[in-house]
Amino acid sequence: MFKRILIANRGEIAVRIARACRELDIESIAVYSEADRESLHVKYADYAYLIGPAPSAQSYLVIDRIIDVCKKSGAEAVHPGYGFLAENAKFAQRCKDEGIVFIGPSPEVIDQMGDKVKARQIMKAAGVPVVPGSDGILTSEAEVLETMEQIGYPCMLKAVAGGGGKGLRLVRSRREVVSAYRAVGSEASSSFGDPRLYVEKFIVKPRHVEIQVLADSYGRVIHLFDRECSIQRRHQKVIEESPAPGLEDRTRRRLGRIAIQGARAVGYVGAGTLEFLLDSEQNFYFLEMNTRLQVEHAVTERVVGIDLVKAQIEIAAGGYLPWRQRHITQTGHAIECRIYAEDPERDFMPCPGRIEGLRLPEGLGLRNDNGVYEGAEVPIYYDPMIAKLITWGENRIEAILRMRRALREYQVRGIKTNISFHQWILRHPRFMSGDVNTGFIDEEFKPKANEEVYPHKEIALASAAIAALHGEHERTLGILAKGAAEPSKWRQQRASLRRSAAPGSRGWRR
Amino acid sequence: MAFIGKLGDQTFTVDIEETGKSVYRVSVDGNEFIVDGKKTGRTNYSLIVDNRSFEIEVDNTDDEYRVLVDGRNYHINLVDERRVRVGGAQGGLELQGRQKVVVPMPGKIIAVLVSEGDQVEKGQGLVIVEAMKMENEVHSPITGEIKEIKVKPGDTVEGGALLLIVE
Amino acid sequence: MFKRILIANRGEIAVRIARACRELDIESIAVYSEADRESLHVKYADYAYLIGPAPSAQSYLVIDRIIDVCKKSGAEAVHPGYGFLAENAKFAQRCKDEGIVFIGPSPEVIDQMGDKVKARQIMKAAGVPVVPGSDGILTSEAEVLETMEQIGYPCMLKAVAGGGGKGLRLVRSRREVVSAYRAVGSEASSSFGDPRLYVEKFIVKPRHVEIQVLADSYGRVIHLFDRECSIQRRHQKVIEESPAPGLEDRTRRRLGRIAIQGARAVGYVGAGTLEFLLDSEQNFYFLEMNTRLQVEHAVTERVVGIDLVKAQIEIAAGGYLPWRQRHITQTGHAIECRIYAEDPERDFMPCPGRIEGLRLPEGLGLRNDNGVYEGAEVPIYYDPMIAKLITWGENRIEAILRMRRALREYQVRGIKTNISFHQWILRHPRFMSGDVNTGFIDEEFKPKANEEVYPHKEIALASAAIAALHGEHERTLGILAKGAAEPSKWRQQRASLRRSAAPGSRGWRR
Amino acid sequence: MAFIGKLGDQTFTVDIEETGKSVYRVSVDGNEFIVDGKKTGRTNYSLIVDNRSFEIEVDNTDDEYRVLVDGRNYHINLVDERRVRVGGAQGGLELQGRQKVVVPMPGKIIAVLVSEGDQVEKGQGLVIVEAMKMENEVHSPITGEIKEIKVKPGDTVEGGALLLIVE
């Protein structure tokens, strides 16, 4: 087993990996940008190395820096987490060249699966159903039009190098082909530096279902069943669960078998995920393969009882998978809510800033994976996801009710979060009945409509008034103390006092 | 002590008096009740009203109170009643006149969608700011004319920085 | 199902029950003493009623007050938790008389099992092995001597009404009989008001193993397997686990069968626990039956996947047990550490006081059940157990390593706790190998011996020095501010400033 | 700035100088190292020393520091070196002379085991205090004579209350 692992990431996933390392008695090495000196992952790890300024292009994405720290620190392996360098074949190759174990699949596999067109071809050849679409690269408007006419509308025009909701356009009819071609084509060249395009049939109101696989270096591949990730906003997952509600057992078994088939076809090693679109008749189509740990891996961990990060590390260290497929069962139901620093009432605007107060929900059947602590600063440079909350229940209803209970306990002060938005989803009859698809939020969420429900308005008004009395009392003390010789640190406070006292200050005296 | 509280589009008169240690007589639009209200943290309160127990978080910036009750946020504008009488129609009423548009969070200016002198509608997008890998539009709080623009694309701004003035 | 449940308890168990109620959409009603106005269970519950002054004899133990609140609040049922009125047959009877559902077994069963001698007789008759001992009540020194001579030494002389490590005495030989009789006899009369005594064979180095049972009102009884609770100090459990390490499968199955037999024999309804002593040959003897939820119920919940409090409520509401014995399996391994407000370095002296800071461990595979929050006061009047930490692992080793990891994350400021003591146990080779018995702590713990291990003394000294610089800086600011007109609230602070500045204050100026 | 630190029965000289923002040059008995030490909470610090990362909790009452490193408690007595020089053998050295015995936690006095004028051994039990349903003995810090007893059985005492004086 490794003695030291470098974690080439930040935030909750870096902490989560460091926890696994600690439980394996492996020393963890954090890297951090200048904006992350006081971040939780730095505090948590055994070692910490500064790798550059705040922007990730100058720190977390600089392969040379990471490799350099590996050498200086004596790390034998690198865990890339998700995002940043996790699906960067060059990085995986560089690790290999330098004799450092990359905790993930081979550079070749990352490369193949990173190219959406190649991935599609490989999977199709392996007998995995794929979304009907162009079989190769399209380079001209004419080719795009021809392909679309063949497949039939609606379809999607996509950039090969696109992802995360960028570099794609829905084409509903022949009329829209030209403008879509121009928009996606220019975005592909300018944003991704790769002009290649392809076309896919657009599945109406699909569900997003994915299968977790684990493969060791000796050819053993197992799947850890399905996850439902249809609750998305701007193509970002918001809530995930396992098992997928309402999935027929026959479909579930077939998905598992086919995922193993796909993983075998590419010679996959490590933990990976095959994403599928599921239509209303429970037909499924391969979407893409993520050659890394997913944000939502925790729901699978809970229902199958396997620590996926430990499994990744064991596999990378040359271990044999200790489980056969028959050992893997889904017990109960797990749900994950991603907690974002954003304001659902203002079009989900991100809310970086200092977390003045943080109280996490606790008790039976839940798990908090956090990248922040009380007093931490959420930097503007990185992803706004600050935490994940996972609940488990004997069945889906218990998991949902427990999640509602837990979200009600969740208190974050100083920044805004999407906690109330999660509550809204969890109370929605369509979500409750499992009737979800990737359009759920767009179809159902009307921010203004929810604002006017005030079941406890008198309590809220009384609370504000009590807080106002407390505030006034403290202000009185502060003004009395103001006469003193104050050190520089106090000036700011005085200035703000003056400001707030300015217009109607007489009103504040009793 | 009397306050004028605004919640959504409703306005309330809130009277409060501390009648014992952390015990308050509160009246909302004349509806009176007794609150046993202990401060149990920096912004955390435990309220018992008619044996109903509430754990509450209260944050405020000046007169704007954000109250969390049972997992639900209440945005309340609470002003001392005398101040309203003295200062006239302030706080929480319809915005009018010269408005400073500030950026709600730190980030980078991606685009300025208007020019000085432009006529804008209430809610119209004015500036696109990128923060945390996402682009966000800042909207106009009123219908009016763009008076001054203080930023240009590429600028990095702190939270609360002045973007432009619309009148 | 009930609409409202009154929780006749405080602390972590009251919060735990309130959480279950919330997940069932049942309103919870807290009761509190004057010392508990700001306690977590009051904040958490939907309703809260003051029931008297701080001492529990004037509040939590006053049956009339609890019944009165049930009526005023419209509670249809009472959950007694553990301790206080949980095993008080009079309270259960009173509830019954008043038409309030007592969430637990019938008053008759509580009464029978509360009488150790009667319980022993019933169990013996039901075919449950009991510790060899007197079959009835002993009232004279002569009877005690005769019985002991028959059974053989060592044996225990116990008061019928004793418990929790009180009202018992080990007798190693004939010579010790007289003094033991006098000591236990007088304690029985004076402390418990019940002079009845009995004698039991003393099992040398026994393990404490118990079986959780669940029974509905329709005669269905299942067991939820075993818990190991041998790590005890002064007869108080400190660490519990499930399954019991090293327990032979044959023994486990037999224990389960016999526990069901015992529960059936008394017509048990609800959740209960049969405690057994296990000797080194895996013989087991019935010790007593707890007719309530146990502190350590959480380890069972985790390995069998059943919410015991919800099960109790469903049974009390007249529900049928939805599980048959064959549905119940133990998955993985769970361990619980009880967090006490006490100082292990000073003979475990209790440490009530204000919790200035609290950061709980988080992440995969753990559960926090707390009765306190940051800023809470731990009152002097009640039990010093402030929290429980439960970890789960695929196997015992993973659960232990995870517990070590979690305890390392646990930060409590303001009061002392036994967290470092837990770390010591979890690193002990005997504990690691599962070689435990109820004498473990007495045999192994030498508080002074551990004190001298300082792996990071330079870091610790540097930290203290940095904190001293910060402290000095703050003090300087404070002294500068002192000239101001101060309101009364500041006086205390000034006085303490003066005090700390008194003897060598010159030294603090640079 | 120089301190004398006591840890267990060892004494150290600790020199510390802030060389940059939250960066310190520390020397313990002449062994020098650089500490990047950020305050990340009221009593929480993040230290990086030679790329080794430590999260540390430091509590103190006057000169007594309780430092939590890697889940282990270090009780350190830390005194300004100049104070030691001026004030003589203070702080953490062997206790001598008149000693006030205080109760470590609030509770109820169950029994007083000694009388005024009694000779007691170091470590001998003096008073039994009940708190949280447990009985606890308070021991004598030195060998000496009981001078004054301030409590009697049945008294309720606050934490830190004076129980008796032994000399």
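Going by the order they are written in, the chains are A, B, C and D; count residues from 1 in each one.
Following the convention adopted for this analysis, contacts are C-beta pairs under 8 Å (C-beta built on N, C-alpha and C of every residue); 3 or more make two chains touch, one makes a residue touch a chain.
Nothing here was measured: the structure is a model prediction, and the numbers come from that model.
Enquirer: Could you compare the number of C-beta pairs in contact for A-D with that for C-D and name the larger?
Expert: The comparison resolves to C-D.
Enquirer: Averaging only over C-alpha atoms, locate the centres of chain B and chain D and give their separation in whole Å.
Expert: The computed centroid separation for chain B versus chain D comes out at 48 Å.
Enquirer: Which whole number of Å gives the spacing of the CA centres of chain A and chain C?
Expert: Result: the chain centres lie 39 Å from each other.
Enquirer: Taking each chain's centre as the mean of its CA atoms, how far is chain C from chain D in angstrom?
Expert: The computed centroid separation for chain C versus chain D comes out at 31 Å.
Enquirer: Two or more other chains in contact with one residue: find those residues in chain B.
Expert: Each of 41, 44 in chain B touches at least two other chains.
Enquirer: Two-or-more-chain contact residues of chain A, please, as numbers and ranges.
Expert: Residue numbers touching two or more other chains: 373-374, 408.
Enquirer: Mind listing each pair of touching chains for me?
Expert: A-B, A-C, A-D, B-C, C-D
Enquirer: Taking the complex as given, what residues does chain C use to touch chain A?
Expert: Those residues of chain C that touch chain A are 15-16, 19-20, 22-25, 298, 301, 305-307, 331-332, 359-360, 362-370, 373-374, 394, 398, 401-402, 405, 408, 476-477, 480-487, 489-490.
Enquirer: So in the complex, the part of chain A that touches chain B is made up of which residues?
Expert: For this pair, the touching residues of chain A are 341, 343, 345-347, 349-353, 356-357, 380-384, 407-408, 410-411, 413-414, 419-420, 423, 451-471, 500, 503-504, 506-508, 510.
Enquirer: For a test of understanding, state which residues of chain D touch chain A in their complex under the given definition.
Expert: Against chain A, chain D makes touches at 36, 38, 40-41, 44, 46, 48, 51-53, 55.
Enquirer: What residues of chain D sit close enough to touch chain C in their complex?
Expert: 1, 3, 5, 7-8, 10, 12, 14, 16, 18, 24, 26, 28, 31, 33, 35, 37, 39, 41-45, 47, 49, 54, 56-60, 62, 65, 67-74, 76, 78, 80, 82-83, 86-87, 90, 104-107, 131-134, 136-137, 159
Enquirer: Per the contact definition, I'd like the list of chain A residues that touch chain D in the complex.
Expert: Touch list, chain A to chain D: 30, 37-38, 42-49, 72-73, 373-376.
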